[in-house]
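A short worksheet on the structure shown next.
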């Protein structure tokens, strides 16, 4: 298929390579053109403008946040460039509100919109092992399926309302942040009874939580090593804000999310914005005089 | 070995059977004598008094809570009956404070004390698949090892301070309760965007959290089925109180535990004391108008 | 002085009357023209457009929220109509972010901007007993002083940065909401020990808190009478969101505000949006089985 | 009347003087006998034992906490010494649970028990301006009234269940701690917008909260001066624990109390145990990089 790809960063770049590998024609657009250059060597077309990317059968956006997505997609040129049967697939973690706005804007223009955020970090993107949560009209999802097959190990189709996919992705990140916070609290407690975090983590992940998420974040917390970040704390804060905003607009209280947000803000004040988001755990540990950092 | 076993309830009974199966002589004491009778048929000795159980080489207590343990162990007769090289092993989930008190009381009487709480529910006890977290003097732990081998799949030895083992067990239950609460909040949020809890749970447990704990509790929450309880909510509350008390005595704040305790109290007011502790999730779901129950 | 007044609702209308009484010429603009008519009978000029109001020496806006203020002030016509030495005074409770935006927009156009939010409900507005918190350039504040003198019992000048005044107002409303929430929790507790809320409130307001704020809100809570609202709950929620947003943008955690926001959201789900904001107290009381309502 | 007085510390000593001034015969007992000596010079009798004090018509206890009260009152000698129509009046801030236990123990012995905790600090005790909240059998309260008249400016009689009085006192202290915490959060927020805490406090206490409680604690917070303590932080923590325990035993969640407790624990870790309890506000201020201390 002819695919446009807007935003080939840490996640996007390996995704583009997998699309190329699967035999698709990929036209890449980045605001910083040097980003596209690396992919050109591997066979990607370099778009001169975002419209060049939008003009393809399917156009994927994988931009940093709501603001970047709004600026590139909602300025008019993007949608005007899309063919009548084009599909815009947003695979980034954006807000439920923006997903709803994209759905209605595309709908008004007679274009198809799909939300398809992913679970997985850059290595999973590289090995095409992402989990993809996709929502949109059935016909649009059908058209996208070959793309999803090239990028992930599994696609969950969750209905016709795109925002539902975003809320699932946001919920997953909320669950991960909750886990990090509670690991931090548990490590603070155990430390004060002479149990080092590494021992607590090893026991928990050998018994009730034998799963990579607990092992990876528990390991980071126990080691006190938060640099370089796999996923920086300020983006973790961004995602918890997305959870709170999505909940707020439906009158849903998320007390753990409120608490996690407050701890993220304290982490910023302590200078941890660019640490891995596992550094959220530092707040409770430090407050208990049980910091893992030397 | 000759083993005394005090308290053969839902967890203790299958544990006694595994000890018998491994060839140990087990003398069982229960305040309700009919509990012992069932085991007598399988070869257990029935103790006439708690002292009869305490008189063995190793005496295990597996009682409901701190109060029951204090009443049976700290009344004098128990410790007087123990042989000079006897070991008292408490495998129940008791407070860090009581563990410290048992350690010093036994120590003053020249007897050995080991805390060895377990992770696992009755089926895991029956199949000798428990995880055992054991702390106490090395020599005492060595003597207990054959017992642990008959009961669990793995023993974690965590040093000479018995309370450390209890704090690890308490931390594990705190982590599980945090997970239940955050699942409840995530289900409340997604429900309001049209995603049924069963779908959210399926996606999360197929991707980031592919582990029985999330599957079991997520399944209970999604189905809204909390009876009969695997582990009743009022015991979940008991355990979160143990976490808060252990933390309080070391000046450690556990904000998620505070929040979870508050939700447990609300759950009691709503009449859920005897539901499975996964019903903790109902509080946030109901507060958002997203109850899974009909 | 010649004063423009935009938004003569429950608070604005008595304010306009006090300005007229003090001898000022007041040109009133409302999007619903019938609102202005009532004041015309008392001597106010009715503006045909918002520009007519903006054209005066000083133009006051007293609109419902950020959105209404943005729409009327930031569409271009308003600022173009202001005379070179005109002052725009926003006396409504708006966000710190909007105050900063108004300051920079007016600044770029060479116009003066003052934030001057007020403490006091409609009866205080009617009797010119408002407390006014004003921030902006000294020269602009000097020009506004006769206006403030006609409207309030006291003006606090808090420097040259307009947003500072908004943050003080927002902090005051946050303090009031905290008080309501903690009164609700205290009433829930005491009720369960047989102390009716009315008795607790009477004792607290006769001893440690002998002040109208506690008496008024304590009285509403004790009576369970939340209709008609003096200040509706959904506006209380709006203000706590302003506090959280102002704090968030400076990396400040406000844990009580987070908790209050969560309880407001639950109150919405329970159908209390149009109750007096004192109904925030119902959440904790109901959750404890101690509702004051029959 | 003949009055026994057990525990003449910072509060008790001026109370004894006021009883003497009103013409009562007062027999004072202190575990540290030198405490009684000072009062002997003013006409008090010095008791040789706690029983000597308990033997009077009315015996007042004003001890530091539950433990001290239990040790002196519940060891048998105290109650045996009381005359058949004697009344024990506990004026200290003790737990609801201990009040219930005192009520039943005295009841079983045919003696009268009254809970009569007070609002007011040492200067209010000295000027007989305390507020007294009294609960117990009517006949016992009637007998105590002359005592209360000598000690306070007002007595609130709140029924026959002594614990009700304790819960009201505990609720009052909870309300004060909530106020301190929310002042701390509001000061953190305003500071980050350039508003010094002293200015915020002045405005709030000149407008919505013109009351000594806000002025005193707001002043302490704004000045960053927490030594010497009027009421030390570790006692503030003790009282919030009383609130949480009273609430817990009736299944009542007090989310603000949970949050305040967590902040008290952090304050302990930061070394503020012996600061005035207003130092609770430091936690949120420091976490926002807005400490008032230099």
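Order as written gives the chain letters A, B, C and D; numbering starts at 1 within each chain.
As a working rule, a residue touches a chain if its C-beta (ideal position, glycine included) is under 8 Å from a C-beta of that chain, and two chains touch if they have at least 3 such contacts.
The structure displayed is predicted, hence computed values, not measured ones.
Interface chain C/chain D: over half of the residue numbers present appear on both copies, so the contact uses mostly the same residues. The chain pair with the larger count of C-beta pairs in contact, out of A-C and B-C, is A-C. Relative to chain D, the most remote chain by averaged C-alpha coordinates is A.
With centres taken as mean Cα positions, chain D sits 37 Å from chain C. Averaged C-alpha coordinates give centres for chain A and chain C that are 39 Å from one another. Distance between chain centres (mean CA atoms), chain B to chain C: 53 Å. Shared contact sites, meaning residues of chain A that touch two or more other chains, fall at 247, 251-255, 259, 263, 265-266, 269, 287-289. Remark: chain D residues 241, 247-248, 251-255, 258-259, 261-263, 265-266, 268-269 touch chain B in the complex.
Across the complex, chain C is touched by residues 265-266, 269, 287-289 of chain B.
Residue ranges of chain B in contact with chain A, taken from their complex: 96, 119, 131, 133, 154, 156, 158-159, 161, 163-164, 167-168, 170-172, 174-176, 178-179, 181-183, 185-186, 188-190, 192-195, 199-200, 202-204, 206-211, 213, 243, 246-247, 250-257, 259, 263, 284, 287-290.
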